[in-house]
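So the structure is just underneath, and the comments pick up after that.
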Amino acid sequence: MPSHVVVDRTAKHVVLICASASFVILGAIFIFTMREGAPALQEIGLYNFLLGTEWRPGQEMFGILPMTVGSILVTLGSMVLAIPIGLACAILLAEVASFRVRRLLRPAVELLVGIPSVVYGLVGMLLIVPAVREIGGSGFSILAASLVLTAMVLPTIISISEDSLRAVPKGYKEAALAMGATQWQMIWHVQVPAARSGIMAGIVLGMGRAIGETMAMIMVIGNSPIIPTSPLSQGRTLTGNIAVEIMYASGIHRSALFSTGVILFLIILVLNTVATFALRRGLKAHHVA
Amino acid sequence: MKKLLTLLITAGLIGATVLTGCAGTPATHDTAGPTGSITEAGSTTVQPIAERFADVFTQMYPKVTVTIQGGGSSVGVKSASDGTVDIGAASRELKADEPALVKHLLCRDGIALATHPSNTVTGLTKDEVRRIFAGEITNWSQVGGPNENIIVVAREEGSGTRTAFEELVMDETLITNTAILQPSNGAVRTTVSITPTAIGFLSFGYLDGSVSSLAVDGVLGTIENAKNGSYPIVRPLYFLTKEAPSGLVKEFIDFCLSAEGQSIVEDEGYISVD
Amino acid sequence: MDPKMQTRHLDFYYGENQVLKRVSLNMKERQITAMIGPSGCGKSTLLRVLNRMNEVIPDTRLQGEVLLDGNDIYASGVDVVEVRKRVGMVFQQPNPFPKTIYENIVFGPKMLGRRDKAYLNETVERSLRAAALWDEIKDDLSKSGLALSGGQQQRLCIARALAIEPEVILMDEPCSALDPVSTLKIEELMQELKKQYTIVIVTHNMQQAARVSDWAGFLLMGELVEYAETNEIFSRPQDKRTEDYITGRFG
Amino acid sequence: MSPKSVQKIAKVFIWGGGAITVAVLLGIILYVLIQGLPSVNMEFLITPPKGGLSGEGGISTATVGTLYLLGITLAILLIPGIGAGIYLAEYARDNRPTRMVRYAVETLAGVPSIVFGLFGFALFVTALHFNFSILSGALTLVCLLLPTLIRTTEEAIRAVPRSYREASLAMGASKWQTIRHVVLPAAMPGIVTGIILCAGRIVEETACLYVTMGGSAAMPTSLLKGGRTLSLHLYYLAMDTNAFDKAMGTGAVLIIIIIIINAVTNLLSQRFQAKMRGG
C-alpha cells in the first residue's frame, strides 16, 4: 500500500476519534451526574424532589421547587427588559444604522459577551443591590439578579436577531418599500415577521444563558431557598443551589445537588432543541421563498 | 500561523513557569530533617490556620511539602476516613452517622454575631439570637433597636460553622429559610458590612473593622471571654486522622499543638488550647 | 498509433440519474480533443471521469473502462494519486491557492515527495515558461497567486498542472471566465503545449473548439452523438442533431 | 396615529435600544476602570495575594494561574477540537453517527458551566484523584470549550472554496495532503479566531473552576496543585474579603485583557481576509 494511503487512513481515523470525543463527553456528563444524583432521587422520590417547597438538607428535606421558580423568575425578569432592548438594537444594527455607527456598536456588543460574569456580579453587588435596597428589602433580590442578567443576555439576543434580520431576502423589503410603506412599517410588518424564527431562537438561547448563569447570580440574589413572593424578595437559582452548597455537601445532600444538575441539564436540553428547531424552520422558510 | 499558535501556548506555559520561579517561596538553606509530603483537607474555618502551620513547618523542614485544601468539614471527615488525605479538618463535633476517627483538638473558635457598624444594638441574649435566626423576631425594634426589618445572614447547609451555630444556639429550632445564605465566612462578613440592617454569624477569625461584634448574654465576643468560658458560643476545631498518627504526620500535628503552633493559633484570632 | 486515452462503454450515474450513456471515445496522443455540447450534456462529467475527480463527489457510480496507455485506471489496485499525477487538470474558474506564485507551482511536486530546492526552482521556471508566464512574472515569484489578473491566474494554474509533468492535460472550459485577449493567449498556449502533451478540452464555445482542436466530439444528454476530426464535424456533420447544434438551431 | 408619527416613535425605540446597550457597556467598563485602576500598579501586578480572609497583596499568583490554565487547556484542547472540526467539515456524511455528533456538539455548547463543574468535580477531582488542581480545572474547561472550537473550525473550513480542494486533488495530492496543505492554511484565520475566542472564555470562566480548582492563593508549582484564575480571584476578593478596591483592580485588569483579546481577534480576521483577497 502506498504510504500516502496509510497516512490518509490514519488521519481519517484520528479525526473521527476527535469527533466522537464530544459525544463521549456529553454521554459521560449525563451518566456521571445521573449516577451521582440517582441515590437522592431514589430516597426523596421524584415528586418530592421536583415539587417539594422546603430545601433543608439538615432535615433531609430536598425540594427544589423554590430554586426552579427562582431560575424561571430571574430568567423571565431579564427577558422583559432584554427582549425589547435587544430587538431594537438588532434592528438598529441590521437595518437603520449607518456603516460608521455599526462599526462602533458591533464591537460594543461583542465586548459585552466577553466581560467575565464575576465582573457583572461585582458591579451588581456594589451598584444594583444597594439601589434595590432603597426600594425595600435587603437588596439581594430577584430584581437585582434580573437586572444583572439583562446585561448578560443582551448580546446573545442582539447578535442572533441581527443575523436573522439580515437573512431576510432583499426582495421582501424592496417590495414593501415600493408599495409606499415607511421604513418602520417595512421593518415591523415585513422584516421582523420574516425573521421571527431566528429572533425566537435568539431569545431561547438567551434564556439558556440566563438559566445557566451561576457566579453573578450567587453574588446578588441572596441565595435563600424560598419561593420569592415579590421582585424584592431573595431567592436562589438552580445553578446557585449547586455552587453554594457543593463544596460542603456529603451523602444524600451531595447527591441531591447532582440531581439539581440533572434537572438543569434537562431544561437546557429542551431549550436548545427548541432553539435548533426554530432556527431550522427559519432557514427553511427563506428557502421556500 | 502555526508559529503564532505555538507561541500562544508556550507563552502561557513559559510565562507561568518563569513567574513561578520568580515569585515562589524564598530559597531556604538546606537543613537536615524529614522529607515527604502531607495532605490536609476539610473545614474552611481551619484552612487559614492550617495554611500558616504549613508555611512555618515547611520553612523548618524545606524538604517537606504540605498541601492544604478546603472542602468543608464533611469533606474533611470523608477524605480522612477513606485515606484520600493524611489529615482531615472539622470545625464541629463528629456526627453519629460519621465514621469514628482520631480527633486532635487543635484550638477553639468563637462564633461572633456580626452587625453593621452603624447598628445601635450592641448586645442580645442567646434566646433573642435564636429567635432572630428562627425568624420569630423580625424587627430591630423588638430587641431595642430602630424600627427596621432584620436581615438575617447565615451560612449555607453543610457548613461546619452553621452546624456548630445550630448546635450551640438554635437548640433544635431551624434557621429561617428567608435568611440570606452565603457560601463562606468571608461572604457573610461582606454581606453584613454592605447591608445596614443585617445580622450574621461568623468565626472569630473573620472579625475586622467592617462589622461590629455583639455581646451575647452581656458577654462581649473576645478571645479572653471565650477562653475563660463566659462567652457562650464556642466550638472546637479538630484535625482528624484515621489511626493514631505516626512519622511525619505525627511530627506535623505535634508541631501544631506545641507552644509555637498555638501562638500561630492566637495570631490568627482563634483560641489556643492549653 | 494507439490512442493515449480511451473510454469504453462508459456509463456514469449521479445517484439514480444516468449522465453518461455508453460513451466510447479515443483520445490521440499529442492532439487536442474537444468535447462540445449544450450545458448539462455530461461533458464536464466525462472530463472528471478521465482522472477520477468524479470520486470526490459522493453517491456516484461508474461502469465501463477508462484506459490510459491501454491500462484501466479504475482497475482495482490502481493508485488514484498515480492516475492524477499522469492526468492533470485545469478548471473553469482560475483557482490558484492563496499562497505565493512559487508555492503554487511547487505544491504538486512537494506533495509527491520532491523536496530538493534545485529541482523545485528548475520546475518553477520550466513550468512558467511552458505556460508563457515566465517573462511576465519572473520577478514576482513571492507575490500571492491571487494578486495576478484573471488570465495570468489561469496560466498560473496551467503552469501548476504542468509542474507535476503529466502526460495528459484536461481543461474544463478554461477560458469561460476570461476576456477575449486572455482567451487568445490561452488558445495559443494550447497549440504550444500540444507538441508535448495530450489535451482534452471541454468547451461550450464552438468557435473555440473549431479553432483549437484536432478532434471533436458532440455530447447530447449523456450520449456521444458524433466523434470525428474537427474539420469533418464542422463541415460535414453526419448526424442531424450535430448539424442542428453547430448551426445554432438549439443549445 | 399617522404612519409618520409611528415612524418617529419607532426611531426613538430603535435608537433607544442601541443607546441603552452602549450605556450598559460603558457604564460597567467605566465604573470598573475608575474604581479599579487606582489600585493597579506594578506592585499590584507582581506581588502574590495573601489569600484567605485577607484582601491584601496583588494578583501575581492569579495571573500565573490564569496563564498556566490557558496554556494547559489550549494544549489539550487544540487537537480534539480542530480534529473534530475537520471531521465534520471534510469527512462527515449525512448519516446517523454524524447527526449524533452534531447533536452532541450543539447540546454541549448550551450546557451550563456549573454542570461541567459538577462533572469535573465528580470525575477529575474525586474519581480520578486529581483533587482540586489546575489539571482538573483544565480538563473541565476542555470539555466546556470543545464545542466552541469545533464549531469555529468547521465554519472556517467550510468557508474554504471547493476549487482549492479540486485543484489540489487534481494534482495528485491525497485527501489528507489537501486538508493539511491547502484547506487548513486557508482556514487558519478562522481557526485562530476560534482559538482566541476560547482563550477569552478561559479568562472569563468562573463557575466550573470554582468547584474544580480549589482556589488556593499560593503559587501553582505543578499541574496537580490547586490555584485560582483572575476571575476566581475577583470572586474570592468580592465575596470573602472586604477588599472591594482590590476586587475592582482585578476587574480592571480583566476588562483590559478582554478588550485586548477582542481587538486582536478583530485585527486578525481583517488582516487575513485581506490576505485571502490577494493583498
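Per-chain numbering from 1; labels A, B, C and D assigned in written order.
Everything below uses one rule, namely that contacts are C-beta pairs under 8 Å (C-beta built on N, C-alpha and C of every residue); 3 or more make two chains touch, one makes a residue touch a chain.
None of the values given here were measured: they were computed from a predicted structure.
K.L.:
Which chain's C-alpha centroid is most distant from that of chain C?
P.N.:
B
K.L.:
Where's the contact count highest, between which chains?
P.N.:
Result: the chain pair A-D has the most contacts.
K.L.:
Would you mind pulling out the distance in Å between where the CA atoms of chain A average out and where those of chain B do?
P.N.:
Spacing between the chain centres: roughly 35 Å.
K.L.:
Distance from the CA centroid of chain C to that of chain D, rounded to the nearest Å?
P.N.:
47
K.L.:
Return the distance between the CA-based centres of chain A and chain C, expressed in whole Å.
P.N.:
So the centre of chain A lies 54 Å away from the centre of chain C.
K.L.:
For chain B and chain C, what's the span in angstrom between their mean Cα positions?
P.N.:
Result: the chain centres lie 79 Å from each other.
K.L.:
Which residues belonging to chain A are in contact with no fewer than two other chains?
P.N.:
Only 4-5, 125-126, 243, 247 qualify.
K.L.:
Would you please write down the residue numbers of chain D that are in contact with two or more other chains?
P.N.:
Those would be 174, 177, 185, 238-239.
K.L.:
Would you please write down the residue numbers of chain C that are in contact with two or more other chains?
P.N.:
If we look for residues of chain C contacting two or more partner chains, we find 81.
K.L.:
With touch defined as at the start, can you tell me which chain C residues reach chain D in the complex?
P.N.:
51, 53, 56, 58, 81-82, 84-85, 88-89, 91, 93, 95-99, 107-108, 110-112, 144-147, 157, 160-161, 163-164
K.L.:
Where on chain B is chain A touching in the complex?
P.N.:
So the residues of chain B touching chain A come out as 44, 70-75, 77-78, 149, 151, 156-160, 163, 166, 174, 177-183, 191, 194-195, 197-198.
K.L.:
With touch defined as at the start, can you tell me which chain D residues reach chain C in the complex?
P.N.:
Going by the criterion above, the answer is residues 93, 161, 163-174, 177, 181-182, 185-186, 275-279.
K.L.:
For the complex, which residues does chain D have touching chain A?
P.N.:
3-4, 6-7, 10-11, 13-18, 20-22, 24-25, 28-29, 31-32, 79-84, 86-88, 90-92, 100-101, 104-119, 121-123, 143, 146-147, 150, 174-177, 179-180, 200, 203-207, 210-211, 231-232, 234-235, 238-239, 244, 247-248, 251, 254-255, 258-259, 261-262, 266
K.L.:
Would you pull the chain A residues touching chain D in the complex into a rising list?
P.N.:
On the chain A side, the touching residues are 4-5, 7-8, 11-12, 14-23, 25-29, 32-33, 36, 84-93, 96-97, 101, 104-105, 107-112, 114-123, 125-127, 151, 154, 158, 182-185, 187-188, 205, 208, 211-215, 219, 239, 242-243, 246-247, 257-258, 261, 264-265, 268-269, 271-272, 276.
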